[in-house]
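Structures are listed in the sections that come next.
You will see two complexes here that share subunit A, one where it goes with subunit B and one where it goes with subunit C.
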Partner chain A sequence: MNAVNSTAFKRALLIAPLPLLLALLYGLPLAGVIGWSVTLPTPGLEQYRQVVTDPSIRDMLLRTLRLCLSSTVLAVAIGYLLSYCWVFASRPWQRVVEIAVFVPMWISVLVRAFGWLIALGNEGILNTLLMSVGLIHGPVQMTRNEFAVVVGMVHFMVPYAVFPLSSSMRQIDRRTLLAARGLGAGGLRTFWAVLVPQTLPGLLGAFLIVFVFCLGFFITPAILGGGQTTMIAEYVYLQMFQTNNWGLGAALSVVLLAFIGLMAALLMWASRVNKLVR
Partner chain B sequence: MDAKHTGHMSRSMAVFAIGFLLFPLLAVVPVSFTSKRYLSMPEGHWSLRHYAALFSSSDWMSSIVQSVLVAACASVIATVLAVTFSVGVWYVRSRIAKAMVALVLVPMVIPPVISAMVLYFMETKLGSWMPSAGYDTLPGVVIAHIVVITPYCVVTMLVALSPLDRRIELAARNLGAGLAQTTFMVVLPNLKLAIASTFFLGLALSWEEISVTLFVTSVNVNTVPRHIWTDLRDNISPGVAAISVLLLALTTAVLLGRMAVQHLAARRQTTH
Partner chain C sequence: MDKHHPSDCIEILMDRAREGKISRRRFVKAMGMLAVLPAAMRAGVGFAQGKQLVVVNWGGDAIDAYRKSWADEFSRSSGIPVKIDGSGPTDGAIRAQAASGRPSWDVVDAEPYTALSLGRAGICQPLDYTVIERNKVAPGFAHDYGIASYLFSYVMAWDSRKYGAKGPRTWADFWNVQAFPGKRTLFKWMNGMLEAALLADGIAPSALYPLDVPRALRKLDELKPHILAYWGSGAESQQLMVNGDVSVGAIWNTRAGLLEQDSDGRIQWGYDNAFVTPSYWAVLKNNPAGAQPAMRFIAYAQDPKTQVELFKLTGNSPANPAARALIPADLRARDCGSPENLAKQIRLNGDWYADHYAAALEQYLRRLAK
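Take a look at the complex of A and B:
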């Protein structure tokens, strides 16, 4: 009996350090940040009142939603296309898609943003190309604006869309696609009426994951937006390190966290509903 | 005929998507070889001057040394934590252990900017007790990176542990091995490649970490990503292009190494 207990104890000793460490280094400070949001600069809900009523913050939040939604839709669409080729195309094609998805994913976010800065710059490759073709006569401003931010975020998020989408496509019985073709449905009809409905859980998952990621990251928007298109995460950074307004930064973080918690709950609920249907 | 048509359409669209994904990475390469002092295309005069400048710059060299130090320490500690935790969970496999896993993975879903703020809070508090390990110190950055990368390491370990045959543990126990013997002589040797891949993952994640690093450092610590960030915000020089190309090469190499390790692991599993 004693031996069993001591084994159980030793096993618990293996498990314990990491959760304890994270509780100390992450859990407690998280509580501290939430505390900041109601104590800095003065105790009370002033920071939250500001989040709700300040027109410039409202503009910033609306811009965040708009940019994140458009980036998410584009990233999921491109991800869907790539997942389709990754799962259903021939071997060599699968390899090419795999490399195209994995290599950028592992490249530093800074290098990727910098790459777009070069590619989209006034004397960049895209402008040069468009001018030599004759589509445009002078360089078009394509960086330091919302367009660049969306391009950069879509580029960053495509791999994260590909994973849930391709895993839901792998679960599909391929014979349903063949059956549709056999019954005379065209390619597009098969796509919309057979493939898309079966991948709805994956689509929803990809959409929520990408959207949540978009809300939270600030490196790409900060570099490609050039200060004109501040989104919530960059706003938090500026509040903390440029205006020293820690309470407001913390309050915005809490709002963001609550919103993301809501999305996560939605994702869990949606996946359970799906299990019920099956 | 029809089937080939759709295949053709989706494939030609996919070519655009693949181009889109690789375009910005390839765009960096020629710029790094320009002979001019400012950011431009080489236009016939290819030069290595920006690479040479990089290696003779004490600023960049100290950034590289700091990044290597931080990534090495953070990934070793994160790997140890992830391995002990995951193996413990694998032994116990109770409901509490599963809840622990969920809890440990929470930092992964929290946006980096919030994690950064939380860790900034932690480091300033830690710094008031232990100035040498708090805000804007190398140990401080290592601690912050450990918190950020360990959940990813745990996921890798758990994935590797799930197909491991539980009977090897029972066999070892029946033969009289204690927990330490079972762990070190039976379980861990079966996980060598998984541990290596966990370590590489941690190394790559820590080496590239920027969001949290930005919040917990100011003047004393300047990792490579932080250095790039400052350059991108102040004045973009072709030096950034040169370091970017080096990072591209390094990341690709690490990625290939990891793929080779996985390939080996897969081959081992099929031959055993």
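Take a look at the complex of A and C:
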């Protein structure tokens, strides 16, 4: 008994530096932010009351949710197709997917946002193409709005969806797919009844990772949204650096953090349920 | 040799070093010659004058321009290395620096209202007008906590493909989408935009301040369907104009000048009814390099020759009236601070902004994100 205890103690001692470091570098500043949210400009819960009741803030939170959800659904759907190609397609196609997924990851988020501005602009490649084939007669407004923000966010997030999805696809026993085909299921049926259920943990993980990432988006909406689609992260910046309202900025950050914490808890809970089902 | 004499020399050297009168290099060399360098180190002389001086501006091309115009030569003559940091000294960023207890910024190139309100809040220190010369800027451009570093303007720029050479000249024109059809762009951080709306609504320039914010916002609502984007950075405003995404813009004169060049005259602009404002030098309290080097840097940047250099590099107009005579004749029309151009423009009121900026910006941003 004693020996076990001392081993446990030694183990705790070995991993202690990390939690301590986290508490110091992360916990302390976080406590400071929580402190601001209830003390600035005057002590009390006024800032939280404002977060809940202010119609402009509610609009902004709803916009953030809407943009993040639509971007997440699209990014995960595209990520799913790409992962499928990456895992199951022939070698050359796998290379194509790797290039399509990895190369954008190494390009700065600013460059990508400005790239989309150019591609989607009035005289950009997409409008020019659509006009030359006669689908549209004048340029369509595709930038400086929510559409452009979603395009930019999806482009950024697809690789983050691909990793959990492809890793869960790699773990699948391919013989189950062959067996389904052998038992007479068509391609679609095999996909829905055999592949998708087995990749559910990956799908869930991808969804949550992408969604949580999207909540923190800052530069992409600021550039592609033309200053009119403020999301929560930019709003926090505004409160901190432009309008000097640190209390409200801190309260919004705490709300955002709590929400993300909830999502993470959901992810853990869901993955455990999944194990039980298996 | 008298035992007391070297220590006296050291004392003199240390005093001069502390006051920033000799460079760190010279101090170390002199101490080395006196063979007392280790002792000097032990004595703990604060090498304020040898410490890096951090000058913070708004980034982009201005980083290189400041380095070429001000930092390099100042470092050479003073021995104080200067680092130009382009992260943007917004009001909140400076407050955050101060709140940390150990600011890492020395001199900031701040908006006038930022310098004024942070000075009142005890976050910026009063400028030392025994080092900096008050009369090297036009009257009204030097305050306790800030002094003009240069001038710039918010001007109207338009696409001549749409309107020929007869672009909008008044803010009523800017709001007139019948006479001047096409998308617009306004400044996301509000400065000058409330004034533009009020002038378009018929208020006389002399009656602008104090600004009637609700009235300005109502007038802005009117134009909202025609505003494609609110630009947040100079590069963004330039891109909106050059791509033809917008036909009219309220943008900085510095970017307007570049646009005119880059588009071979397609984008035109003028100083009629533009809003001119200085930018201010301010110094953080308890700044790491010490007060003296910061004040000396500001004084150095008052030199007309360096200001003309900056004007040539960025289009920012010299704050020192003596620099005007050094501007080459072919560039004078561009100078927003020249008497002819000043006469066409309206000056933004830094005092009003110092009192109302945060509250008004919050309302403005909420209005445009609706």
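In this text, the second predicted complex is superposed on the first by the 252 of 278 C-alpha atoms of A that agree within 3 Å, B and C clash if a C-alpha of one lies under 4 Å from a C-alpha of the other, contacts with A are read in each partner's own complex, and residues count from 1 in each chain.
Methods note: contacts are C-beta pairs under 8 Å (C-beta built on N, C-alpha and C of every residue); 3 or more make two chains touch, one makes a residue touch a chain.
All of these numbers come straight from a predicted model, not from anything done at the bench.
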Open item on the list: Under the superposition described at the top, does placing subunit B and subunit C together on subunit A give a clash or a fit?
Closed with: clash
TODO: Have a look at where A:I260 lands relative to subunit B and subunit C in the superposition and call it first, second, both or neither.
DONE: first
TODO: Figure out whether A:T64 sits in contact with subunit B (first) or subunit C (second), or with both, or with neither.
DONE: neither
Task: Which superposed partner A:L21 touches (first subunit B, second subunit C, both, neither) - done: first
Open item on the list: Which partner chains sit in contact with A:L238 here, subunit B, subunit C, both or neither? Use first/second/both/neither.
Closed with: second
- [ ] Could you figure out whether subunit B or subunit C reaches more residues of subunit A?
- [x] B
TODO: Based on the superposed arrangement, let me know which partner A:S168 touches: subunit B (first), subunit C (second), both, or neither?
DONE: neither
Open item on the list: By the touch definition at the top of the document, which applies to A:A12: first (subunit B), second (subunit C), both, or neither?
Closed with: first
TODO: Once the structures are superposed on A, label A:E123 by its partner contacts, choosing first (subunit B), second (subunit C), both or neither.
DONE: both
- [ ] Please indicate which partner A:V101 is in contact with in the superposed arrangement: first for subunit B, second for subunit C, both, or neither.
- [x] first
TODO: Determine, under the contact definition given at the top, whether A:P29 touches first (subunit B), second (subunit C), both, or neither.
DONE: first
TODO: Report which listed segment of subunit C has C-alpha atoms clashing with subunit B; options: 183-191, 219-227, 237-245 or 291-299.
DONE: 237-245
Task: Shared subunit A contacts, counted only where both subunit B and subunit C touch the same residue - done: 114, 117-118, 121, 123, 222-223, 240-241
Task: Partner subunit A, residues of subunit B touching it in the complex - done: 2-3, 5-7, 9-11, 13-14, 17-18, 20-28, 31, 39-41, 81-82, 84-85, 87-89, 91-92, 97, 100, 103-104, 107, 109-122, 125, 143, 146-147, 150, 154, 179, 183, 204, 208, 210-211, 214-215, 225, 228-229, 232-233, 236, 240-241, 244, 247-248, 251-252, 254-255
- [ ] Could you pull out which subunit A residues touch subunit C in their complex?
- [x] 56, 59-60, 114, 117-118, 121-123, 141, 143-144, 222-223, 226-230, 238, 240-246
- [ ] Flag every residue of subunit C that touches subunit A in the complex, lowest number first.
- [x] 90-93, 95-96, 188-189, 228-232, 236, 239, 243-245, 358-359, 361-362, 365-366, 368-370
TODO: Spell out the part of subunit A that touches subunit B in their complex, as residue ranges.
DONE: 7-8, 10-19, 21-22, 25-26, 28-30, 32-33, 36, 78, 81-82, 84-85, 89, 93, 96-97, 100-104, 106-119, 121, 123-125, 155, 158, 181, 186-188, 190-191, 212-213, 215-219, 222-223, 233, 236-237, 240-241, 249-250, 253, 256-257, 260, 264
